[in-house]
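Okay, here's the structure, questions in a sec.
The letters A, B, C and D name the chains in turn, as written, and every chain counts its residues from 1.
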Amino acid sequence: MSLTKLIERLLQLVPVLLGVSVIVFIMMALTPGDPVEIMIGDQNISAEQEAQMRRDLGLDEPVHQRFLTFLGNAVQGDFGTSFYHRRPVSEVIAERLPATIELSLVALILALATSIPLGVVAAIRKNSVLDRLATVGSLLGVSLPGFWFGILLLMLFAVHLQLLPVAGRISYQSEIEPITHLLLVDSLLRGRLDAFADAARHIILPAITLGLPMTAILTRVTRTSMLEVMRTDYITFAEAKGLSRRRVIYRHALKNALIPTVSVAAIETGSLLGGNMIVETVFGWPGLGRLVVESIFVRNFPLVQAAVLLYAVTYVMLNFIADILYTVLNPRVKL
Amino acid sequence: MSTAAQSPTEAATPAAATSIFRRNMRDFADNRLALVSAVVVVLFVLMALAAPLVAPHDPNATDLFRRLQPPAWMEGGSWSYPLGADALGRDILSRIIYGTRISIFIGAAVILVATTIGILAGLAAGYLRGWTDVAISRLVDILLGFPYLIFAIGLMAMMGPGLVNIILALAYKEWVIPCRVVRGETLVTRELEYVEAARALGASRGHIMLREILPNILSPVIVVSTIRMAHVIILEASLSFLGLGVQPPTASWGAMVADGRAFILESWWVSTFPGVAILLLVLAINVASQGLRDAFDPRFSE
Amino acid sequence: MTDTAASQPLLSVSGLRTVFETRAGSVFAVDGVDVNVRRGECLGVVGESGSGKSVTFSSVMGLIKPPGRIAAGEIIFDGRDLRALSPAEMRMVRGGEIAMTLQDALTALNPALTVGAQIAEMIEAHDPGLPRSEPARRRAIRTRAVEMLGLVGIPSPDERLRQYPHEFSGGMRQRIMIAIALASRPRLLIADEPTTALDVTIQAQVLELITELRTELGMSVVLITHDLGVVAEHCDRVMVMYAGQVVEEGPTAEVIADPRHPYTKGLLGSIPRIELRGQKIQPIEGQVPELIDLPPQCRFYSRCALAGADCLKPIEMRRVGPDRQARCIRTRKEVGA
Amino acid sequence: MTKLHRTLMVSALALCTAAPAVSAQELVVGFTRDADTLDPANHRNRETETVIRNMFDGVLTRDSSMEIHPQLAESYEQVSPTVYDFHIREGVQFHDGTEMTAGDVAFTLRRITEEGAMGDGQTSPRQSLMGPVESVEVVEGNTVRVTLSEPWPLLPAMLPFQEVVSQDFVEEVGTEGMATQANGTGPFELVEWRRGDSIIMERFEDYYGGAEGIPPVDTACVERAIFRIIPESASRVAALLSGDVHIINELPPHSVAQVENNSGTEVMTVNGTRSFFIAMNMENEIFDDIRVRQAVAHAIDRDLIIDRILGGNAEAINGILSPDAFGKNDELEGYDYDPERAQELLAEAGYPDGIEVTLDVEGAFRDTAQAVASLLTDAGINTQVSVGEGTMLTQQWRTEGEPKTGDMYFTSWGNGSLDPQGIFVPTHMTDARGNSAGYANPELDALLEEAAVETDRAERAEMYQEAEAMAAADAPYVYLWVPQDIYGVSTRLSGWSPSPDSRINLHDACLD
């Protein structure tokens, strides 16, 4: 990875982020609805008082002025103040972010941990019962509407069987001194196995719901690419060398077969973030996705703008990580 | 995978394009599961078209005395409302049947609009290169930076609810996907001999793009489109689920699931059956499109 | 075979039939092939793409995978029936006693592993004499890997072990593949089109290398190629294959001087002059028939200038001289008995 | 392999065992929405206040029957129509151990009412809830005097909406610090706020006991009180049924039976303060005719909808005021369900073949609006429901006199104080913010203005009764119902009952 390439990458971020800010700002500006009205609610209020509230939120200026102010402040790391929380949006987002990151990571890990072995085994036992099951499973996985599947899981495991909790990230009784703000990690770092189990019980259903489509896609990708790799000359050559089947599969085939899996996984992690809001809504998960959706509904413009920018940065960074992983797995490519 | 290409006899003989197409169709037909799924999709389409004939009730007729009536086989159910009734006493089966129209119409319309835009933009970017490519590719990057649902939710908030608005909200971002496929394929195809030949003969750019390149890159585009259609149907349902879908009382599966969500503890059927409907249709489209993909474009993988 | 036990061949294949099941029907990629490879000799195997030459030796190596299978035949290597061996025993033969190189080293070397790793695993898998202790073992393997790279003429092999295949030139890669194949000191090397992917000067070098190593290590070599010129220069005997069958076999010099099958003749006619060698030329008008549902007749019938009504029945291999056979009833008269 | 197996088994078992046991002294509320902030002066949100109210006490408070009681004030009196004196308790401590003084009370009220008092040029968004307050000052040691620029009888009814903060603390942490830290005088102190997930509080041991008028006067009953945020109603109900939480708000009517049938849980209801009605756009040619408006009123079977959709948990109203409101006119006749009469009225108005109209509604009430629309359609008023986002409908219908678009609007107005002025003025005054019907009646305007400053309670009540009759005669709205707030509670719970202002004060709540 050369430095110039890295800088080039970072520079590519600039037009994307600028474009994203413009679009989101225009969208918000064109969206009817007035946060001040929402705030006032059912009350008779004088025109001066209403004007005062509008001024306090910075909504009295014309749109282009607001946009320039937003850009100017954003460059300095100030994304404005959340209308409702009355605090910097960066703070509000930062508080909700760990929950979303934790959920996404667990979903990602679950997806990788099931899809790769499943895809590999399906490929090397092509047409076996397991392969067919994996194929059917992965088709089901991409076809299940997450919001519905989540509700079914919730009803089955939390309500009828009462094996798992219905909502939240952790029981209120479990208190862990935060380190990373990822509860599963923190509880382990603090040596609190009880809290870890508690957090795991909470995260398992949302993570399955969130990770299922990705698992399905990655299983398919892994299987396809494994099949392709198994047909290559270097696998034939490795077999001709009299190596054990294990070695041929795990040392020669897998590393190459994982290249597309990793690229797709990075891209799909982006849609994982996008799918968060549905899962967070269904499972009452205190993450960013739910907050953003709520914020759109109540016209909390600064928060929506900042969150969308964050999503865009994440998306670009994920692509970047995918490229790096690509080079690690594939020595032919030099970034 | 077509087995002939895979056998190491290296005996594959070159064949005319039509016979390849015929063989592809044969491969597709041989894939029994894909065929069954294609039939299921067709059945759904027919159901959508013939909704007024097959639906036992007016999907919007409310009957508060049948509120949350259970399905026929449960206590308190009746066969005139086979899948039970919703919170306003509307027949769930009839609403599912009418909801098929919304899902399929929105799915098809979004894909049609998005694929058309995507093909034109992708051809222009891939063939004309230069600033056109830069501009289109940047726009694609920017749109990819938005999470799909957030973008759609924002647009729906901006434009307000309604059928056309949903189609627009989804198509605004969806076109990026065929665009990328088309651009990539065009970049390869534009260097091929026959395209060079057409250029040398002085064919116009438009002619080359639409007549020479497009027909040759259509099959991956079709494959991608069918897969995406399944996706769009889920997205529409998700939007309706979040309350940003079609106007009530129009039946939409996503909205039906969302409405039923509040009753799921005591009246599970209200949201379960529309969810099953989404699953069935999307699954059928996915299986059929995978069959298509296997038959037409073995090298293509998601 | 009436050969005496003293000159018993190293590899003896008889009646080999390898079939690929496809939706369109069974493809007899190899249909009743007999091969003998003698100790220390270099056997050239010539034929167009699809003639079954590669499949024959993949069958010998036990590399045929579904939907392919060996339907019949006997494969005797150094007195052992390879088809009767257990998978583990076969693995020891494969790579250990019979090594193989593939046509294109670029695709045959694993792009994701260093060259050193790819040689090392060959040594590790087949050398029972390696030291027990891990560091000593590693050192021994490394020494041997360096030695092998040196043997095939890779400069400063010590450093290049750490490099990946894509960091080498085409000729170098071919040498590396040969180094890997020979790292286990095999008794038979099957070199499948070792030069097609290379340019002319490198071709000569690689072939020289194989010939040199053959005498140096005392092994037998099977050189699979579609280029009779290569065979003429490097092989003691030659075997010509067409449509899954052997059509002619004999000492190279004799076969070239006096081909007894029209197909061989056609191949010879198409040997390019030295400066054009390596270019692909369509040797004979027409195409190899599809190997599905072949009519019971001479398989060269459709392309043969000598074809007549009596060619429309199955044609057997016939002796056409001491140590020579051909599968043609027309050229017999010319031989004159 | 077997070892891995065993590890997996053990972890699976660990995952399936029940969550940490709930202590008898921990009361958990399953609540719909998280607080926006913990700063009592910096929000406009009911749920936020519900949470905050357990950590902060106010100058005045209400009991669950909406009776006003002095809380941090010992007593208060109206010195003149525009001057109120509040005598502040002594010996009350903030959670940080410092003593609460009259100075803190005056500071709190000034922070809310003075322009720019929140710092950074910002004004408290709660300013408008305090009416025409001109100045707040400390007189005679522990007396806080509030001076109004004009008479405003609502002040005591509105003061329970404000909570007292510590001046020293605000000056120390700033308005930004106030958003996440709580240092009040309330029965519970903040332990941890897990954003979007839960607010954990524990008993404040030095609590002064709360309002004298609301016994028991003591520290809180439970050791800990927790608000758990569970937005999904089905999940909230499930949490109650499984015993994870002890109180849930917004129990959906259709889940009432389930909660009642479950052993260990029961349903509690209270009349709410939100009146539902349909506004008919009188700028619209069709609805300018009173006969059409009356037809609409006659076409709606309120009892059917209350019975079937709201599960009987609502009370029909014939005027805008809630049955519990001060000044309610109980004599109003109202419009009974009579679809034939509706059709007659339509015909008289010149629409013998009926009319085509749309009914705007916010997503949350789409079902009810749909049912209303069916009834209207049956009576010849062909009604199409149009669902919009709340904020967009607000813009469309709360135009304060600007032209409106749309035919009918299914809406509601909340009136936490239950004082008629809080709902009558905004919905019925000419060009008022909530006057979505575009109703203009100068006579009514005058009456309402007069009532606003009338300090004689009986006199004032009579004025509102007259106003209700006046409005009902003109039928600018179809007055529908006031729903009950429905709560699901554990049978282990005692000492708590729901309150019409939808507060959940946990001071006296106990678990056995």
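Throughout what follows, contacts are C-beta pairs under 8 Å (C-beta built on N, C-alpha and C of every residue); 3 or more make two chains touch, one makes a residue touch a chain.
For clarity, every value in this text was computed on a predicted model and none was experimentally measured.
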If I average the Cα coordinates per chain and compare with the overall Cα mean, which chain comes out closest?
A
Going by the average position of its CA atoms, which chain sits the greatest distance from chain B?
C
Distance between the centres, which are taken as Cα means, of chain D and chain C, whole angstrom:
88
Please tell me the distance, in whole Å, between the geometric centres of chain A and chain D computed from their C-alpha atoms.
36
Rounded to the nearest whole Å, what is the centre-to-centre distance of chain B and chain C, using the mean of the C-alpha atoms as each centre?
51
Distance from the mean Cα position of chain B to that of chain A, given in whole angstrom:
23
Residues touching two or more other chains, restricted to chain D: which are they?
232, 234, 238, 241, 389, 392
Identify all positions of chain A at which a residue touches two or more other chains, and write them in rising order.
32-33, 151, 155, 159, 281, 297
Which residues, counting only chain D, touch chain B once they are in their complex?
232-234, 237-238, 241, 252, 254-255, 257-258, 304-305, 308-309, 363, 366-367, 370-371, 374, 385-389, 392
So, in the complex, the side of chain C touching chain A is made of residues 61, 63, 91-96, 99-104, 107-113, 121-122, 125-126, 164, 166, 177, 180-181, 184
Interface with chain A, chain D side, in the complex: residues 11, 14-17, 19-20, 22-23, 26, 28, 34, 36-37, 39, 42-45, 115, 121-123, 125, 127-129, 175-176, 179-180, 192, 194-198, 200, 226, 228-232, 234-235, 238-239, 241-242, 244, 389-392, 394-395, 398, 412-415, 422-423, 425-426, 429, 432-434
For chain A, which residues are in contact with chain C within the complex?
232-234, 236-244, 247, 251-252, 255-256, 329-332
Spell out the residues on chain B that touch chain D in their complex, using ranges where they run on.
61-62, 64-65, 67-68, 87-88, 157, 160-161, 243, 247-249, 259, 261-267
